[in-house]
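Heads up, there are several structures right after this.
Each of the next two complexes has subunit A plus one more chain, namely subunit B in the first and subunit C in the second.
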Partner chain A sequence: MTVIHFKDVTKSYRKHNVLKSMNFTIERNVITGVIGRNGVGKTTLMKIIAGFMEEMSGTVEVFSEKPFNNLRVSANSIFIDDAMAFPQAMTLQDILKECSRFYANWDGELANRLVDYFDFHRNARHQFLSKGKKSTFNAIIGISARCPLTLFDEPTTGMDAAVRKDFYRALLKDYLAHPRTILLSSHHVEEIEDLLEDVLLVQNGAIRFHGAITELQEMFIVLTGKHEKLSRHTVGKEVVLRDTSGPFPNWTVANSFTEAEKDQMVADGIIISPVSANNAYIALTNGPKGGIDDVFDRTETV
Partner chain B sequence: MLDMDGSKPIYVQIAEWIETEIIDGTLGPDAKVYSQYKLAELFNINPATAGKGLSILLENGIVYQKRGLGTFVSPDGRDKLRSRRKEVTLRRLIQQLLDEAELLGVDDHHLQTLIEAERKRKKGDSE
Partner chain C sequence: MYLTEPKLFDIVKKQFRFKMNAHAAAFTMLVFLQGVSFALELSNNNAFNHFHEMMPSITWISFSSGQFLGLTLVWAFVLGVLITNTARKNESFSFVTTRLSHHLANFLFMVFASVIGGITVVLCGSMLKLFTFFRYGEVAVQTPGLIAAPGDFFIRLVTAIALVSLLFFIGYTISSLFQFSRILIVLLFLGWMTPFLQRFAENGIGFLFNEPSFMLFVVKIVMTLFILFGISVASTNRLEVGQ
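Here is the complex of A and B:
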């Protein structure tokens, strides 16, 4: 069953086209990572899905309905980010109580256990929490609401490493027990890659890649070895990233090698390793500019 | 247990972990293998990814599925794994050994004595 469907969706702020032509479909109960460089329109995309913003043209369907100003979509989805504002007069306890009234699937017991685990004072006020604590509390709401469509936009902003790890673990455990459709955006792909089933990679206002995270990883391989050997074996191949830091250069190359070619490379002393989703993502979004080392390299033209 | 730095795709590592459990006898013939959800929880990964690990074993006939009941170790799963490891893994290790020996100028006779010495040392350790 399809939960989200975008067809030729555009959105601009004044003259700046943020979303140029978005086309994708997200199926039910899949955890999708929304990834992309800063300012590519991830937040805009998620806010349109949540119905906080209206698209300018094209078709957006969430649960088969247009999400903007839509009560059914609002009742079945939750959007979590670090800018969530709650009425100033409410304590954390009050907020939890209101959530239980609004969200049909709200798990109050889980919310309470998480609030205790992360050492919140129930009488504290949301606006006076530290940045990391705010994010943690918002994340607790996002998990406990158990909405059929759950959107997390950079949920771990300000959280320390231990809390981030706990949050992702909590999200996975609750998802296993209560599967639902989750969209999760993060700059830290390496942190979320194990949690994801699919990746929606946004670049230049369009979808650069949408598919299984394992598929993304298999688009590239990393070759480590001496420079001249790497050059010899990658004739006619697409080298997307040349990392010259470390004792041996390692090159990220589009995975178009036959098994025989791989065997030859291994025999020649080249180490072949798969790329992490994070490096595949960097390779895909770097484009023809090359890596940071190429900026400093004035001798050869890339 | 798993090598999370990504030198192998995580689902391949899951498949290899289950293979090791079968080879060392922890999972006997017709024993029930962890479900993809249990594996997801154990290794803190997406259940779809864990499912890919099980698919590898399924494709190779190491495990079989019973509808609605789960995944189980094939009666000949262990034998298949052992012969494959002998053919593939052991061969690769020997290749690496020979490459390294060649690089260091260690001839076959020297290599033989090194293997014998190591075997003795290991015996001594276990006694």
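Here is the complex of A and C:
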């Protein structure tokens, strides 16, 4: 069953086109990571799905309905980010109580256990929590609400490393016990790669890649060897990253090599290794500008 | 995971309860305001001494419950502005809602708060009478109480509720229009200075308050409330959340 369907969706703020032409479909009970550089429109995309914002053109369907101002979509989805607002007068306990009334699948037991585990004071006010604590509390709501469509927009903002790890673990455990459709946006691909089934890579207001994370990795390979050898073997190939910080240059290259070419490189002393998900993501989103080294290394471009 | 099929009425009910919890402090504020105005009224010695050579002197002490209504109207207006601002709207959207259910819940909340405000205003008047009676013994009362004239008391009650709710909805509508377009509010404010809009406002106030028939007055107020609420819903129904 299709949960989210985008067809030629555009969105702009005044003159700035954030989403240019979004086309994708997300199936039921899949955890999808929404990744992309800062400001590419991940949040806008998720807010359109949640029904907070309205697309300018194209078709958006969530549970086969247009999400904007839609009660059915609102009741079956939850949008979690670090800017979630709660009334000043309400304590954390009050907020949890409200959640239990609004969300049909709310697991109050789980919420209470998580609140205790993460050392929250129930009478604390949401607005006085630290940034990381706020994110943690919002994440607890997101997990415990068990909405058929759960949207996490950079849920780990401000969390320390231990809490981030715990959060991903809690999310995975609860997802396995109660499968649902989850969208999770993050900059830290290396942290979420074990959790994700699919990635949705947003770039320049469009979907650059949508598929399994392993497929993303297979698009590139890493070659390690002497500079002149690498140059010789990569003639006509797309070199996306040049890392010169190690003892030997490390080049990330688009994987368009034939088996024979690879054998030749190995015979020539070049080490071929798979690319990490994070580097594949960076390689794919770097674009023609190259890496940060290219900004400083002027001889390369002149 | 199965999908829930929400009913609008059900969500409005939940949102209403949520708003009652969220705005509980508003009622504390009302009690505080009325307490303060009560104390001010009592401490304010509205004594008028009348001396004449040939006559015994007369000291005239008057108390009025007018300022209870005045302060409650200010309270209603400010609260009306506050409960629909962007921050409050975002809070609603942290839970299940649409723009319509958010407005409907606010509508219920304002009606409820107006009833509370109206009743307390009238009861403050009764309390003032009681207090002056204990302090001065005999008093001349301008407005008879519940037992002496239940009809009058009822009319006072409904009028107070109507006035409070009117101020609530005016505040609410201004705040909604402000979200819709800030320029519009500036234009309205500037337009206020023009004779045309002033006459329009005067006529509007006359239309509402120079009504001899009580029933018609209530009908006019209720209609005005619905028109104001309609403007609020229509002007904000396409606005986006959390920008």
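Going forward, the second predicted complex is superposed on the first by the 300 of 302 C-alpha atoms of A that agree within 3 Å, B and C clash if a C-alpha of one lies under 4 Å from a C-alpha of the other, contacts with A are read in each partner's own complex, and residues count from 1 in each chain.
Convention: a contact is a pair of C-beta atoms (placed from the backbone, for glycine too) under 8 Å apart; a residue touches a chain by one contact, two chains touch by 3 or more.
Here the structure is a predicted model, which is why all the values come from computation and not from measurement.
Contacts of A:Leu195 after superposition: subunit B is touched, whereas subunit C is not reached. In the superposition on chain A, contact of A:Ala83 is made with subunit C only, not with subunit B. Taking subunit A as the reference, the larger set of touched residues comes from C, when subunit B and subunit C are compared.
In the superposed pair of complexes, A:Ile31 makes contact with subunit B only, with no contact to subunit C.
Of the two partner chains, subunit C is the only one touched by A:Ala104; subunit B is not.
Once the two complexes are laid over each other on the shared chain, residue contacts for A:Met1 go to neither subunit B nor subunit C. Residue contacts after overlaying the shared chain place A:Asn70 against subunit C, while subunit B stays out of touching range. Contact with subunit B, but none with subunit C, is seen for A:Gln217 once the two complexes are overlaid on the shared chain.
In the overlay built on the shared chain, the residue A:Ser273 is in contact with subunit B alone; subunit C does not reach it. In the superposition on chain A, no subunit A position is in contact with subunit B in one complex as well as with subunit C in the other. Within the complex formed with subunit C, the subunit A residues making contact are 29, 47, 51-54, 63, 69-72, 74-76, 83-87, 89-90, 94, 98-99, 101-105, 146, 148, 178-180. Across the complex, subunit A meets subunit B through its residues 30-31, 168-169, 172-173, 176, 194-197, 212-214, 217-218, 273-276. Interface residues of subunit C facing subunit A in the complex, by the touch rule stated above, are 1-6, 8, 11, 14, 17-18, 21-25, 87-88, 90-91, 93-101, 237-238, 240-243. Chain contact summary for the complex, subunit B toward subunit A: residues 4, 6-11, 37, 40-41, 43-49, 52.
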